[in-house]
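Have a look at this one.
Per-chain numbering from 1; labels A, B and C assigned in written order.
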Amino acid sequence: MAAEPRPIGPEPNHARRFGAIWVIATLIATPLVVVLVGPILPPGNGSEQAAGHVTDNTVLLAMATPVLLLVLIYLIYASIYFRQPRGGALEGPPVRGNSRVQSTWIVVTSLLVLSLAIYGTVRLESDYGAGSGSGPNPLTVPSGPKLPVQVIAQQWAFTYRYPTYGGVETPHLVLPVNQMIELHVTSLDVIHSFWAYQLGVKADANPHVDNVAFVKPTKLQTFNIRCAELCGIWHGEMSDLGHVVSGPAFNTWIHQQVVAFAPATKVLPPYSTTYLPEPTRRGE
Amino acid sequence: MSLLVKKLLGVGTAVAVLGVLIGLYIASWATSFPQSVAAVSSPVSAGTGGSQLTLETVAAIGPKYSPSHPDWVSYLVKSHGKWVRSTIYTVPANSIVHVTLYQYDGATGLRNPFLSQVQGTVGGTVTVDGKTVNAIDPEEASHTFVVPQLGVFVPLPGVPEEAKNQCEFAPCEGAAHRTIEFSFRTGKKGRYRWQCFVPCAAGWLNGNGGPMQTLGYMDGFIDVV
Amino acid sequence: MSTTTAAAPSHPDPTRRPLWRRLIGFNLLTAVLLGVGGYYLGWWLGHQVNGGKSFEYQAASDENDVALLLAYVFGVVGFLIGLGFANYPLSRLLGRPASLREKEHEGIGRYFGLCTDHKVVGIQYLVGIGVFFFVGGLNAMLIRTELLHPTPTVVGPNQYLSLVGMHGTMMMGMMTSGVLGPFANYFVPIMIGARRMAFPRIEALTFWLLMAAGFILTSTIFFGGFPTGWTGYEPLNDQAVMGMDSYIIFFTLVGISMALLGLNMMATIITMRAPGLSWGRLPIFVWSVFATSILMVLAAPMLIATLSMAALDRTISTSFFVTGGGGSSYLFENLFWFFGHPEVYVLALPGFGIVLELLPVFTRKPLWGYKLAVSGMLGVTLLSFFVWQHHLFVSGINADLRPFYMLSTEIISIPTGFIFMCFMGTMWRARTTFTVPMLFCMGWAFNFLLGGLSGVFLSDTPSDTDTHGSFFVMAHFHYTIMGGLIFTFFAGIYYWVPKMTGLRFNERMAKWHFWLMFVAFNSTFLPLFVLGMKGMPRRVSEYAPNLQGLNTWVSISAFVLGFSMLIFLFNTVYSLIFVRRPAASNPWGSKSIEWQIPTPVPVNNFEQIPTFDSDPYDYGTQPSIGGAEPATAGA
């Protein structure tokens, strides 16, 4: 018979002990996570939408922390306290279930998950969620005046058209600060995805589809634009720097572009939310 | 031979064979990077100095330069007086690069006519057969030379359809062509990609497959050193 | 009474035919020869068909997709005929007596051909999938080598995409059968008290289809590779060079293999259970196999149909997915992910089954919450068909749909949570021995926890806006698939190989393998969450220079992870070929039926069909003396 290594005495109340450890850990960790990690969570506060995502990520992190701690601490606790003593051959208690624990778990996880779904839906349909590509008919549209900007994705660069400035097309994206921008993302060939990291915007560019996203940059900045959907050889290099400038600076810039790209604007097709350029299939 | 020796021999042979196969496999990936060609440094008129790149675009590369893809469109570069199929060009930093390009291919047309305007070259212009322009007819574009990270967008007009003596396979000495010249400035060191934006790949969806997506034909790098 | 074994006679039999005569017949050599012949026949035929004016556009590209597709198809058919798969139908057609069993008594040769013994098929799967797993892993090492630098350095950007695509496709195609293939094939008939699978010949077919498929995918390097990654999105798929056809045929064959494997498992489990084995007494592993089979049967045909359409687009210029011709790129995305999402649950469910099956053995307690575990698995199975659009949240789908899919994706975490609850409940007040299989189960728990929680972030559409298509997604699915399935795959290996071979692994090397793999795995994939949140997209060999430090750390950890696999390989060769120390007949003290029958398992599994009076989780009712051997810390 193997020696029993534990001191003689009643079996400790593991439920109470583990529960206490978990509650204390949660009470310490969750506020720490919210206060310390929350503010440094991506994508930052370059726009209203990005700031909204930071809040959402913080909420998700705060709800995930107790769950993570529960399972993690349990695994460690069980590994320490519920071991087979060295050389032992003991069996554990033949317990096949506990309906109270099971129903509590089911109810709590269901509530947690449903509340996350409701929260996510509310945020998605608010202005904060408008940075995600919502197709040609978004469910909710931010109110107020919007500056339309079209993002044309092609293999392998983004170009941008400003329909309210004569449909001028530019190779770089410049946006005015503190104005709601209505982005129309489309593609000329394969599927791409317009990802403006600091602005919290991502919208897939599908051929012959108008994918609408909204963003309101809230500070002057340079932001990273990357393609987020594999589109061929230069997918990784299909990146650019965009700029958010003040209103007057934007006006100056856009009028310079209109002048500089006048030859190109003459030969461009009229502005449209989607294009079907030739050729579809290139024969001989 | 004892059983142990037999097992050792068997396992050893298997490991050796596997090792060779894995080595070959890795080597085939590691040697797939095309060769790079350096631009020739040349004293050019007007005292600007800089370096010279002589390029050529052809409608079909031919079996000599590409046994597996003789019908693919391609760029070639002149290196030591001979035409070489390479798309990785080495140029010096903080200098001017003069490019002379012999365009032997017919017109296809741009999917995005925006790219018919010249951008990023010295003077914002390109010289086609002696005439200096800042844009071309988008229907006439045959290829482009675009380095997005340097802001260089150069559309290359095609040989007219009715031209006599059109080139069959590279190198196309003496066939109908357009001579295109432009210059651009380089800044910091780095590896910058360049590509063609015209859907010039015959036989592919959107004209953007095959040579348009393979290093060594219509895509490459400018290594600024 | 006696069991037939695979032992060769000790003296050469003078009536035995010479080696060259024995090589003629329906075996692997014939299969390879006929496969090569079929390949060239198809290639030639494709060139005859694709010569006309209407296919001029293919001729301009110097590529003949029709030829390659036909070559592959004819090659696979020739391969299968050479193995002997056409013999039974042909014999029946010609009115000759057909054999129901193939090669079951043939010695080592039965592992290299069509064998109807499910145990042989299980071992064939284990080795075959293992080989392709390492090929995929080699590709991963090459990928991480390229990612040491922020600009394309080692391989060109289009080759890098082929590497990425080959890695993902090989892993996804092979590891869907990663647990069902080896372990379900070997042990499900035994666990339900049956002598064989419902369709033994089809079982062998699923294996050989997979082997042909793996070979075909590797051959893509001779045709230029493919640029789409494992998801094969149109229209880039249509634009791609000939190597894309390898991908199409690979996944078509994998889809057929999956559908048949699932069908066979379901038929076996439903109809061939021994007396007394009610659904409520079925081992939880068998339940997980059943749930996985439902997914395989329902989802795989979708993939086959989708790829057929893609092949038509590539060859005869139909426009299913080409916008200019009236098609839609969305169609492919939706069709693919309708398969793709159940596919990832095909990868997760067997892991759940293995973990919950092994836990009672090593905790010496019955499985806690059996009914809940079953409903968790079936809940996941049902819900997995309702969530696929979460891969398309930012792609511009109808915005009315997004809240629904957000809800369904959040809800699927509830049945997944049941598995964790059963895990934790089984460990409660247990007497756990941390053997190597148990360690891998603990590793699963940690990894799948992180993977699952990151999935909750991804299911929230506003949060997904930033992380879709980035390395965050990569980290999520590597944690759930590699940290989940692959860890349980190794748990299954260490647990069951002593039964399959009668030999023991070297315990110390096994523990080194686990710890190094666990630490290196987390060191590789945890930073990927950060990389994704810092804005690095997937499938790129060019990234922002400030991310190079993290990428270097990840690459080095990946090399260490690869090294841990080498330790496993060394242990395998050392223990199973050289040392060959016999294992005890029931080293883990398991009460499951596969450990109560002799090793090696006789061809017909049981002398008499057993009767069951309970589930195999009868632990804790009496001290473990007599019958099974005790599980000690060093076993």
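Note that contacts are C-beta pairs under 8 Å (C-beta built on N, C-alpha and C of every residue); 3 or more make two chains touch, one makes a residue touch a chain.
For clarity, every value in this text was computed on a predicted model and none was experimentally measured.
Engineer: Through how few touching steps can chain A be joined to chain B?
Structural biologist: 1
Engineer: Which chain maximises the distance between its CA centroid and that of chain A?
Structural biologist: B
Engineer: What whole-number Å value describes the gap between the mean CA coordinates of chain A and chain B?
Structural biologist: The mean C-alpha positions of chain A and chain B differ by 38 Å.
Engineer: Please tell me the distance, in whole Å, between the geometric centres of chain B and chain C computed from their C-alpha atoms.
Structural biologist: 41
Engineer: With chain centres defined as C-alpha means, what is the inter-centre distance between chain A and chain C in Å?
Structural biologist: Taking the mean C-alpha position of each chain, the two centres sit 30 Å apart.
Engineer: On chain A, where are the residues touching two or more other chains?
Structural biologist: 189-190, 232-234, 237, 278-284
Engineer: Counting only residues that touch at least 2 other chains, which ones in chain C make the list?
Structural biologist: Where chain C meets two or more other chains at a single residue, that happens at 57, 60, 157-158, 227, 235, 239, 322, 324.
Engineer: What are the residue numbers in chain B that touch two or more other chains?
Structural biologist: 193, 201-206, 208, 213-215
Engineer: Under the definition above, what is the set of chain A residues touching chain B in their complex?
Structural biologist: On the chain A side, the touching residues are 152, 154-157, 159, 169, 171, 188-190, 232-234, 237, 240, 261, 263-264, 267-269, 277-284.
Engineer: Which stretch or stretches of chain C touch chain B in the complex?
Structural biologist: 57-63, 138, 142, 151-152, 154-159, 163, 221, 224, 227, 235, 238-241, 322, 324, 573, 577-578
Engineer: Give every residue of chain B touching chain C within the complex, in rising order.
Structural biologist: Against chain C, chain B makes touches at 4, 7, 11, 22, 25-26, 28-30, 32-34, 68-72, 190-191, 193, 201-206, 208-210, 213-215, 221.
Engineer: Can you check the complex and tell me which residues of chain A touch chain C?
Structural biologist: Those residues of chain A that touch chain C are 14, 41-43, 49-50, 52-53, 56-57, 60, 64, 67-68, 71-72, 74-75, 78-79, 82-98, 101-102, 105-106, 109-110, 113-114, 116-117, 120-121, 123-125, 128-129, 131-139, 185, 189-191, 193, 195, 197, 200-204, 206-212, 224, 226-237, 239, 276, 278-284.
Engineer: Touching chain A in the complex: which residues of chain C?
Structural biologist: Residues 56-57, 60, 157-158, 161, 227-229, 231, 233-236, 239, 317, 322-325, 329-330, 333, 363-372, 393-400, 402-403, 406-407, 410-411, 413-414, 417-418, 420-421, 424-425, 427-434, 442, 445-446, 449-450, 453, 456-457, 459-466, 468-470, 533-535, 537-544, 589, 617, 619-625, 630-633.
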